[in-house]
Amino acid sequence: MSRLNEVFKKLYKIGLVVTFAYFLLFLFYDIHNLDNNRKRYLSAHYISEGVQETGAINLVASVLYDYRAFDTLGEATMILTAATVLAFLVPISKATTFGTTFKSIVKQTVKLILPYLAVLGTYLILFGHVSPGGGFVGGVVLSIIAILLTITYSVEFSEYIVKPDQKKLVEDIGAIGFVLLGLLGVFTGSNFLANGQAYFGTGNAGEVFSAGLIPFINVMIGLKVGAGLAIIFNSLIKEK
Amino acid sequence: MEIAYVAVIILFCLGIYTIITKKNLIKIVFGVTIVESSLILLLMLVGYKPDGTAPILDKEYEIVVDPIPQALALTTVVIGGSVTAVMLVMVIKIHRRYRTLNIDEIRKLRG
Amino acid sequence: MITPGFLYLTGALLLFLPLHERIKYIISFLITTGALIVTFYLIPGYSLQLDFLNYTLVPFKVDSISKLTGLIFAVAGLAAVSYSVNICSLPNLRLIFVFIGSALTVVFSGDLFTLYIFWELMTISSSFLIIMASDFTKKTGYYYFLMHVAGSLSLLWGIFLQYSATGSLSLNAMEAGIPFVLIAIAVKLAFVGFHTWMPLTYSKAPFYVAVVLSIYTTKVGVYVMARLASGINILAYAGLISALFGIVMALRQNQVRKLLSYSIITQVGYMIIGISIGTFEGTSGAMFHLVNHILYKTVLFMAVGVVIYTTGKDEFDNLGIMRKKLPLTSIATLVAIMGISGVPFFNGYMSKTIIKDALHEPLLKLGLDLMSFGTSLMFLKLIYYAFIKNSSMNLVKKPTISMQLGMGLLTVMMLLIGIHPYLLENLTNIHVDINYFDKKHMISGIKPFLWSIAIFILFNKYVVKNYERLLYFDIYRKMGKLFVTTGYVLSNYHDGKLNKYLLWATTTLITLLLLLMF
Amino acid sequence: MEAAVWVIILPLLTAFFLGISKLYFKRIFFYLVTGSAIIYLYILIIVITHSYPPKVYSIGDWGLLGINVMVDPFSGLFLLMIAILFLPFIIFSMKYNKFLKHDYFIFAYLMVAGISGMVLTTDLFNLYVFMEVSTLSSCALSLYKKTDRGIEGTFKYLIMSTLGSFFILLATILTYYLTGTLNMAEIPLAFEDIPFKIKSTMMTLFVFGYAIKIGLIPLHAWLPDAYEDSPIPYNVLSSGLVLKSAVYALIRVLYIMFGIDFLDESGMLTIGVFWGVITFLIAHCLAFQQSNLNRLLAYSSIAQIAYIMIGLFVGTEAGLIAGSFHILNHAIMKGTLFLVVGIFSYSLNAVEKKDIKGLGYKFPILSFTFVVASLAIVGLPPFNGFMSKWLIVEAALEAGFVYAAFFILVGTFLSLTYYLKVIVTLYTKNEEELLIEEPSLSLKLPTFFLGSLCIVFGMVPSLPLNLITKIPTFLLDNGDYIRILLGG
Amino acid sequence: MINIVFYLLLLFLIITAFFMVFTKDLSNSVITLPLFGAILVIIFVILQAPGVALAGAIMTAGLTTAFFVITINKTEY
């Protein structure tokens, strides 16, 4: 009897999900049939005017760090929150690493890779407004340095190179710097997080030092994300 | 490209199904990841225009895909990553306390 | 303008001051006498208006009926406070002040909103009075509070119906939602079926609490009934049934205060009958009866209180102490019993006569006689235990002076009204054209009393018998059990399984989709 | 209206600086937390006083191209709630948490930043982002004790609210797909010519997502679990602000984006009222069974929020006023109750119903505050809960939801049953010797402050109603809101 | 041509997702996760979103997988 009940329950769950899928299918079908080329004046404006207004070739960067920079502030806060939660949940203690120790070839490879990673991360951050990438992606690449150190050597070593306190400090400085860069707009008589509208000089589109504050914001976000993800990873590793 | 929307629906519902049926905590987090990915895919599809180029305007262009969904997607990725990380560390914590990953045995709270 | 209810509430606030213990006597004396004087000099027709949100409220309005009621409330307040000031603790005294103050405000309120608020405040303060009073009254207080809140919510619903039907909150006879208002009043005046709180509370609560409660709770119900639902003829029969039920139950009790509480049900029956007639005579008879009833029932409760205070219990056997050691209490009790039985030249006679005169239906008249008869019978039982049966009780404590003072005040007033009934009429300008002391009225008044004496002597054995098994059936507890069981079953569904919760969520989603799509 | 954006930035900055102070400048911690809270209060008051007529602040000066922040009376109400609750919360938790205070206050400030962001923003996606911020930091606070039950409850909370977030995000993306914009003023204009079916499905997704966060039955199960073993001052903010911010978002989305006409047409109003009635009836039944005070108060929160939903969903001006007033009142009353329970748990570790036996005589004034707040939450006069319930019932009757009005009174009775039980336990004499740590003034003062507000708002309801009566102007008819947001 | 590749990729995406969910062994799931992420990244590139592709590559395929691996490592032994 209980078996039958079990089967029935499973069928019920599948039924629920399938019904929902059916609804979604109809919804998407209706939306799709509605009007395929609905006018999106917002994105049209971004595409046609974005480069002049913000000075960043990478439109995603200009949306992310200028038009909708407030979202990015929330997103940065999100990482900081997660990092703080993890750092809080994991008490400061000795770490337990993976059971296997790596051969020396791994360690050597990692040693070789690390500088490249550093360069890659810096490139992604600094050229975020002219090419794909940006502060977020670059930050993650930078954090991978710490992560690789942790994986190949040990948490102790990784934290000897960069102390957890320092990481936390970098993260907070990144976040504060982001807000302060935003406030720069207020100080120059414009609005909060103003960049394109605050005449910081958009420069020649396509150059590194262009697009006003966007490169600097990229740097801040990069620092923040890198440090935050490194904290998250190390905390997870240290959790025992 | 329309079939991609179907894929989104399938992934979304699969994720929801995983969340509501699977007993293993880690499987539930997998479900969360899948739903998240499906939503990012949906964002990309929403922004996509046939024959468009990427929104990096360093050369001549005719049709450019919508940059806004891509920006939203980046934000979503970060948020999803943070939430997943917090969930996973809590899974570890729960395993430390309860010595199990089975969701039916994690029920000290009831009533 | 200082209203008496406001005075009492201020008194409650004043008692919060971190003053010397002795100061409470002064404050109580000042407030109670002050309220009495203020009430005495109120001019009928005066009213006070107040803008509150979108409503125009009339928190204070005087007319002859409310003045009469307010006056007796103030007098009884003076007596009750001076009776209990010595015994009760400071928090309880505060609650008593709030209780009396809100009762007085209800009496003088001119709109439904104020009426409801202070009606509820009465409930709250009296319940806390019961809960805080002693260790044995927690459950009783719980029960009392729930019962009365149910009643007042019913009143609130009636008020809402009235408001949405007429768009005004003024205090007229209700046009919509009468059944709900009647339920509320029925709970308050312990109508049969809604009376379960009453014997429970009055027998368990400390005696001074019972005194204070017995003065106001039911009487406010009667007053509001006279205001909101007067002239519904069918209710007269209901009142009769309630009263007869009260008599039957009262005769089967083995605790003095339970007897007294069932006797309240009987007496309230008189008032219900008077109000339901709807004529001027009927209503004023009911109001006069309210005054008289407060007087003698308070004295009786106080006397029982003295017995409890001096001997520690309120079994019938303990009453024997009265004859031997408490002369003043004995006199007061005798006067009150004469009054409640409707013997001429005592105060109950006057109002009973008015009600009887206002009645025209023979069945009801017969019922009224029966009620008088039953009342006398049950109090003969009391007399038997107090003055006839031998007992060997000893005093534990002497009654305090303030207790006797409060009782004495009311006894004197009873005697005054009894001998000169026109006093009340003159005081309030309500003139009922009746000659109380002619032959016809006198005979009809004394007849039930004499009958009851005869019956008592004949069937002494049955009346005085101590009943072991008490009739007690409570449907409300059954309903409460249903509520608890439902909650238990529901809470068992919350067994901590996350899958289950998520499944509920998804089911809700699909349900919502289905509901909103089609 | 520069101050509006400071409402969001200041707590964020404080949280960031607290992170540094935790490592390097431990000494300035106290001054940082309290000083920032006081300045925050000042800013909030400025913003609230300027909330009528609504003001728009464009972030980045992009106008409609970017994200805008708008203060209108409805968000002003929420800022008022933050202003009332936040400083008492800070003062209380400063003493309540005996160790590890830094992280606690970081999370608290992040949570308040998230909530104020949700309340102020006019961008749909930004709303989602800030909602996630507040949810995650709220989770962090609720597992703050690191006990088994705390972590388990938080995990359930996190999973459930993530599920809700997914649906909200899905609906947000679809909204962008349909309209090409995320600005709350432009969406309703673009929504006008969209078929009924699409709109109603989208609305369902929004409603479902937010309803999980609100905790309507049967989506409520995470709520008592998350409350049971969390730091009690957090529960004040959680029931007062986190749940309410979800209500805010739901109401904002429904009334502004979809409009009252569509709600009426699609039957959402009827469903909302019916759902509310079911919710509070069941929640009262469940609350009676609880022995843990936190759980009891959590179930009571569910019920009270159902009242709020009824008020907000009857779809009239009076209903909106009543519902908003109850939002404020519930925050105050539940805050008082939680703070009193918090003091009990601080002094003698009492969170079960049986533990508080006899405390009425040990803490007379605190118990009196508890009694006042619980009578207020039950809805007895002359306290504030009665006023808002009166308004809700009146609005429901006026709008024709007679059954809802009737059941609200029934619910009042049911809620009395369990609160009275607690009160009676409080005043039952206990012979045992209790080891009591005397609560200090910084614990008592916030409690008394909130408790006195219960009485003040009950006696003088026109005080908050001055602000609240302006809410329907910009909510019931979305025309004004859209005009102000578009016209600048 | 690109369309066919795209459809195939979608098919693989769904298959990997199903495999990830329904396989019994958690290690199998966790190994499938970067595959899933990688397919997603290619789809993003086809959909002309290089920035998101980069982020997705690092986040979904990289870090999240690492988190899962750590979690499984910590919980199974």
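Residue numbering begins at 1 within each chain, and the chains themselves are lettered A, B, C, D and E in the order written.
In this text, a residue touches a chain if its C-beta (ideal position, glycine included) is under 8 Å from a C-beta of that chain, and two chains touch if they have at least 3 such contacts.
A quick note: this is a predicted structure, and the numbers were derived from the prediction, not measured.
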Query = Can you tell me the least number of steps between chain A and chain C, where a step is a move to a chain it touches?
reply = 1
Key: Partner chains that chain C and chain D have in common   = A, B
Ask   = Centre of all protein Cα atoms: which chain's centre is nearest to it?
value = D
Most heavily contacting chain pair (counted by C-beta pairs in contact) = A-D
Query = Using mean CA coordinates as chain centres, what's the chain B-chain D distance in Å?
reply = 28
Query = Rounded to the nearest whole Å, what is the centre-to-centre distance of chain B and chain C, using the mean of the C-alpha atoms as each centre?
reply = 67
Query = Per the centroid of Cα atoms for each chain, what is the distance between chain C and chain E, given in Å?
reply = 77
Inquiry  = From the mean C-alpha coordinate of chain A to that of chain E, what's the distance rounded to whole Å?
reply    = 18
Remark   = Expected list for chain C, residues touching two or more other chains, is 491, 494, 496, 498, 502-503, 505-507, 509, 513, 517
Remark   = So chain B residues touching two or more other chains come to 10, 12, 16-17, 19-21, 28, 47, 54-56, 68, 70, 72, 74-75, 78-79, 81-83, 85-86, 88-93, 106-109, 111
Query = Multi-chain contacts in chain D: which residues touch at least two other chains?
reply = 125, 129, 132, 136, 139-140, 143, 146, 155-156, 159, 163, 177, 197, 201, 224-225, 289-290
Note = Each pair of chains that touches is included here, namely A-B, A-C, A-D, A-E, B-C, B-D, B-E, C-D
Key: Complex contacts: residues of chain B adjacent to chain E   = 1, 3-4, 7, 10-11, 14, 17-18, 22, 24, 26-27, 29-31, 33-34, 37, 40-41, 44-45, 47-48, 52-56, 65, 70, 73-74, 77-78, 80-81, 84-85, 88-89, 91-92, 95, 101
Task = Name, in rising order, each residue of chain D that touches chain C in their complex.
result = 155-156, 159-160, 163, 167, 197, 200-201, 203-204, 207-208, 211-212, 218-219, 221-222, 224-225, 266-268, 271, 282, 285-290, 371, 375, 380-382, 386, 393-394, 397-398, 405-406, 409-410, 412-414, 416-417, 420-421, 423-424, 427-429, 461-462, 465
Message = Considering only the defined contacts, which chain B positions touch chain D in the complex?
response = 12, 15-16, 19, 25, 28, 32, 35-36, 39, 42-43, 46, 68-69, 72, 75-76, 79, 82-83, 86-87, 90-91, 93-94, 97-98, 106-109, 111
Request  = Using the touch rule from the top, collect the residues of chain B that touch chain C in their complex.
outcome  = 16, 19-21, 23, 28, 103-104, 106-111
Query = For the complex, which residues does chain B have touching chain A?
reply = 2, 5-6, 8-10, 12-13, 16-17, 20-21, 47, 54-58, 64, 66-68, 70-72, 74-75, 78-79, 81-83, 85-86, 88-90, 92-93, 96
